[in-house]
Each structure stands twice: as structure tokens, then as C-alpha cells.
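Chain IDs A, B, C and D follow the sequence of writing; residue 1 opens each chain.
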């Protein structure tokens, strides 16, 4: 399974103390190492500063699943790359969108809504993630009804998405917010998972439950060979 | 539109101080008055102590929508009445289940799951109800993203239901619980709405947002004449 | 309820014998008369040759529901109007798309897929429309499991749409095709219904079952006043 | 992965010429051989004439997925076994129901509807199976938009099921019927797939596309170890 990780990488992590300390090789580096350690995965990583803003046609063709992390510079991705991403998803490339990638043009494009719209506050609150579809492949191996993330940015409804085809996770914050945090859709032959955890200044992507969910999601989103139609 | 209200009525409200004070004519009385005041609704009310445990065949045939409230004595409803209720829902009678009616045999029967299973604590916590499907008829007229209920019993996930066909509402509690609180399904020609608000000792059914949701739900659940098939 | 009808109107119906004979006032005229005859509806009609290509901002603001019919010239609608249409749907304007409007930019935009992709042949085959969600408001009043359309263009799977939130109708053709022909989605506060019947050279929009479905759909898509959020 | 195959086996296949010739070891034998040939599957088979009507508690505990085939004697399965089956599905045992198992008590129990209701005729018509969710794991490896089954019993709408959570397949017959033939649901931790192909007197379960779908479905329905909640 070919997994590509793309990171916005702006501002550069070295200019953000929290991020530099938490993810010294960048988020693409941390996630890249995670996938590289799996026996069934090969990995490539890219950032917005690369050629084609990191969406090289060869890489997109190569990828079975794209793991995508962006934040405030989502407007800077050129439409020509969004077109190419959409085409590849419709052809069957899985797409796993993490945290602030909710605002990305590709997510809005695939959903038909203003996915950048949600409520948020960034104060390192504790979060509790609730499993509401315990049959789902994406929560395989999690032997709990819920788990906590000690500190993260808080996202809150109303989140401007179409109703998920499968609602897997909800997240609540200490101060009483709620968010549809783990959501599945399909578009054409592509499977899409959005997961809201993981602000870049907290070590969320090292937490074992989060790691399990992301690995499960990548495997779920991998449609595999033998594409029909 | 013919609306029937059924209440378990056990223990008798006069033996429960909170309920006696809040709903002096019982919950069936309070809801009955609400519906009777609508120009498009006719009402009948029944309780478990009536003939046929309140499910008289003539009333079930008459009803376009049944509003159902039960609590701990859900096991006492005889299966022959559950059979009749299921038959009528499949034929097109709408069903609006309130609060502790989640445990009712008819709800489990229609869902195929153990709908009595959820987490709960009864300490009059404040609740916040979030609208996550703002296009839905059931939230028509609510000009808010969320509203609060000052005091109610708290319900919490995991709630043992199939994924709702339409998830309209989520509820959080002050102490950090979350619940899929407003959920739609169809079975045969029948439309089903479950709404978790309204413990019998709090005046929740007098609150204007809750009233609006219940009235909308009854109208949504009314399939109307001209049943096909 | 304010209903706006928009028609591509290209080629001009007077240049298409079948259309000129069947809909002498154009499809916008035929549908406009239908809605104007309803006690609860006010109507405006527009065509692509009008100012703003028929999407005047005042009309879009006025409309509770837009009924949209386009065909081969769907590429000619300027993106600025597609932007305005999407904005209004997300704000709560209902959208009923008929027949060849599947290819419209606004439908693709809201779905995130290539909705222009389907199989088709135009030879006036008989069609059979099957009701697979008999509880749905859109089939209210239809006392049948299926009905036939004597002659229409044939559409066939694979139809490049996300799974409908509610699948109401399927259509089969005499020669063995099948199509997901009546499909509901929501985007933001807007409700969307696509219905595949009604090639412009057949009198499909005069058939009573089709009329019933379109009227039901317009009423279902009308979110009404009191928009929240 | 532990796969259990259960067959009604009534009338005995030796008394039905078509079945005896097509499946000399019974359908449980044919399916059992199929699964036994897979490197990731272990198999047990049972029939209604066995102890516990073939639903031995040890076998149900052992099974990760149950493949279930019944026909006209569905009423003979005792409710105590239906209770046990439902319990195991809710706990996470996958359930793959084939063809006339639509009428089984366990399917009705899990759906909440009269799943025995559908239209049918048994005259060996050709069937065409259409893939309408090409992203789904259950159609992995099928490089087509549709495929044909030369001869089978015909099932037709209206099929009395709740809307599938995922509609994967539709089937049309030569004479113009249509059926929602490949349908997914979840109940509790259990994943459920119904597939309508495979009357016992036709060699449908030897056809490569059908084999692929059944193998994919068993793998999809296998929730695996580490059950949560």
C-alpha cells in the first residue's frame, strides 16, 4: 500500500516553538515514520514548498492513500492541484484529512459545503473522543467506549459538512463543546475520512489511540487494486 | 392529523413529588394539551392502566402519529401490544419516542438493537442541545446553533442504536457527557423520531425550543393519507 | 412558498419539433403553470437568455425553492452564477433538479463528483419507476409500488453521485437498464432532490404521478422561514 | 478468521433434483469448500438437522462471521436460537445472508421490518448485477460496471427493508424487475450484508463474480479481535 503524506508546512515549524519541539521533523516526518514502520505500507512525504506545491503528478498516481494536513494557508493551494486531487480521489485514491485540513479546498470541493466553517478555541483543553460506531474498521482494536486526549485545540459545532455516511467518532471538550470528529464519506471510487484531532503544537500524533485510528483509517481508505468502472 | 399520546404512568405521578408538581395532569395530560392547541391536530391520550394497556386497537387505527413516553416499567408492556404497535408503524403510523422511551420494547423491536443500553445519571445537570442538521424539518423555526435546558437527567454514549438515517441533534451535559439525542429512522412506511430530553421531574416539556421540536417532529412523522403499497 | 423555475432553453424549443409540440411555452412555462396553480406557491420563471443568465440576485434571494432544468449547454453557465446558486442552497434554498440537469455545474459542485457521468440512450423507451422508500414525503399520495412512463429518454448506471441520503425511487427501462432516479441530499441548510424523468420531447411533465412527485419534492425542499445558524 | 456456514437443508437436497445435481454436498458443502480454500479462513458447517438446529453455542462463540442460507422453513427456527444469533451479532459476529435468507427470523429481528416481503418469480431468468458503490470493499477486484448471472430466481421490489446504510448492488432481471440486491447495515458491533443471488437449483455460487463478492463480504463483515465496549 502506497501512502503519501502532505503537509502545508507554513509557517515553517522552526518558527513555531510548540511545533518545533513536538515534531522536530515536521508533521510529515512524524507521520511518515509511523507509516514507514508498518509492514504493509510504503511512504512518500511532501510539503507545500516542493515542486507542484507538493502534489507531483507522479506521486499522486503512485499513492493509494493520501494523508493530508493543512492549516491557515489552505487558500494558497492552487486550483489546478485541487483539480488533480479531486480527480485522483474519484479514481479511487483514499484521502485521510487531519485536524485543520477541514478548511482545505479539496475537502470543500468533495463535500460541496463550506467545510472551513466551525467554531474553535485554542487553549489546550482536554478532549474526550467517543466511539459511536463500534462495528467500524477504523476503531478496530480500541477496547474502550471513549478515550481522552490530554491537550488539544478545541473544535465545536456547527461544522459545515454533509451528514457523514458513517459517523464513527464524536469529541467533547472540557468546557462543554462537541464536534463530529471522525467522519466517513465516499466520492466516486474514493473513500474519505476526516479526523479532527491533532493540533501541531501538542503531541497528539504520538498517542496510541490516535495512532491506531490513523493506521486503521489508512487501511480502510485503501481501495486497493482492481479498480472497476 | 390524529395524534395519540401514551404514557407509562407508573409509579403514579401522585407518588412522585417532582412529577406531581411539574405535570399535575401527568405527562400525557401536558402533551395532550399541547397538541390539542394546534389547529391541525386532534388528540387522544392513554396510559398503561387503561384497557389493552392503553393500546386499544381502535386508537392505534385512528392514530396518524403516536407520541410514546415510558420509563422503568417498559418490560411490563405485553408482547401482543408490541406486535400491534410494530404493525401500525410499518403501515405508516409515525412514532415519536421521548426520553426514557429509549428502553421501550417497541423501540428495540424496530431498531434490532438493545436500545435500553446507554449511560446515565440523574442529578439535574444543565444540558446543551446542538443542531447538526440545520436543513431538517424537525428544527424548523429554531434560529440558533444550540440551546440549553437548565435541568434534566443526563444520558450519555454509548447509546445502543443503529446509526440514525438522519442525525438532527446532539446533547452535551455540564459534566462532559455527549448523546445522540435527536435521531430519525424509517421502517416500512413509518417514520420514527427519538428525542432524549424530558425527565418527568423537570419542566422540560414546557420549554419553547423543546415544544417546537416536538411539534415539528409530530408533523414530520405524519405520513398522511394515500398510503402506497 | 416562492418557487423559481429555471430553464436552459437552448436550442430554442421552436427549433426542436418534439419540444415545440409538447411544451409550446417551454418547460419553464409548463412547470410555471403547474406551480402557479397551487394555493401555497408563487412562481417566477427564467431562462438562460435572460439577464444574469436567468439567475438574477433578486430572484435567488426571493426563491424558497429553485426548480432547475438544463441539458447540453450546462458548460455555458458562468461560474459566478454557480457560486451564487451554491451560496443560496447552503443558506437554505431548496433545489429540485430535473432530468438532464444531472450534468449541471451546480449539481456537480454540491455533490463533489462528476454528476454528468451516466449511461443513456434516447429512443423513447417505456420506463418503470419503483418506490423504494414508501415512508418518504416525496411519494405521498402515490398508492402504488411502481408506475410506468410510456416514453422517455433512458438513463442508466453507473451514475456518478455520492450515495443518496435518502433513495426514494429507482427506474428501469424496457431494455433492462436501471437508474437511481429519485435521490435526496442536504448541503448546509439546503435540501436537494434529483429526479431523472422528463426528456423535453415527451409529455412526461403532464403525467399525474410525475406531477405529484414534483409538487411533493418542492414542498419537501422548502425549508421555510426561521432559518437557524 | 473463523467462518461458520449454516444451511436450512430442507427439503433435503437429495429430494430436489436441481439442488442435488448442482450442489451434491449441499450448499453448506459448496460454501464450506470455498472458505476452506482461503489462507485466512477456518470453516465449520452446520444444518438445521444438527443439535441446537445447527446453532451450537460453542460454534456461535467460535465464529467471527456466520454465512446463513435458509428458505421456506425459516419459521421452524426456534426463537431461542434467534435470540442467541442476535446476541452474537450485537457482540460483533459478522452476518452474511444469502438469497432466500431474506425471510429468516434473524434478518427480520435485526432490521425491525418484514424482510420476508418481496416479489419473486422462479423461472431461471437472466439477471444483471449493477455496482452502484464502486468504492466499497465488497466489490474489490470486480473490474466492471455490471455483470450477468445466466439463470437465477428473480426477486423484485418492494423489498421490505430499512434503507441500507450502504447500497452496494442493484439487480435487474430480463423481464424488467429490479431489486436492492447487495445491502450493508451495522447493528451494535456486528456488520450485516445481504446478497440476493443464488437460488439453490442454479450454479450461481460457482460463478467467479459471485464468489468474489461473497469472499469480500466475509472479510468485510469480520470485525476481528479487540472488540470494544
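In this text, a residue touches a chain if its C-beta (ideal position, glycine included) is under 8 Å from a C-beta of that chain, and two chains touch if they have at least 3 such contacts.
Fair warning: this is a prediction, and the values are worked out from it, not measured in the lab.
In terms of residue-numbered contacts, C-D and A-B present the same interface, as over half of their contact pairs agree; the other options in A-C, A-B or B-C do not. Across the two candidate interfaces, A-D and B-D, the one carrying more C-beta contacts is A-D. If you average the CA atoms of subunit B and of subunit D, the two centres end up 35 Å from each other.
Within subunit C, contacts with two or more other chains are made by residues 131, 133-134, 145, 158, 163, 165-166, 186-188, 229.
Chain contact summary for the complex, subunit C toward subunit A: residues 86, 90, 109-114, 158, 160, 162-163, 165, 185-188, 229. Contacts from subunit C toward subunit B in the complex involve residues 92, 131, 133-137, 139-145, 165-166, 186-191, 223-229.
Against subunit A, the residues of subunit B that register as touching in their complex are 128, 130-134, 145-146, 157-159, 163, 166-167, 170, 172, 174, 176-178, 180.
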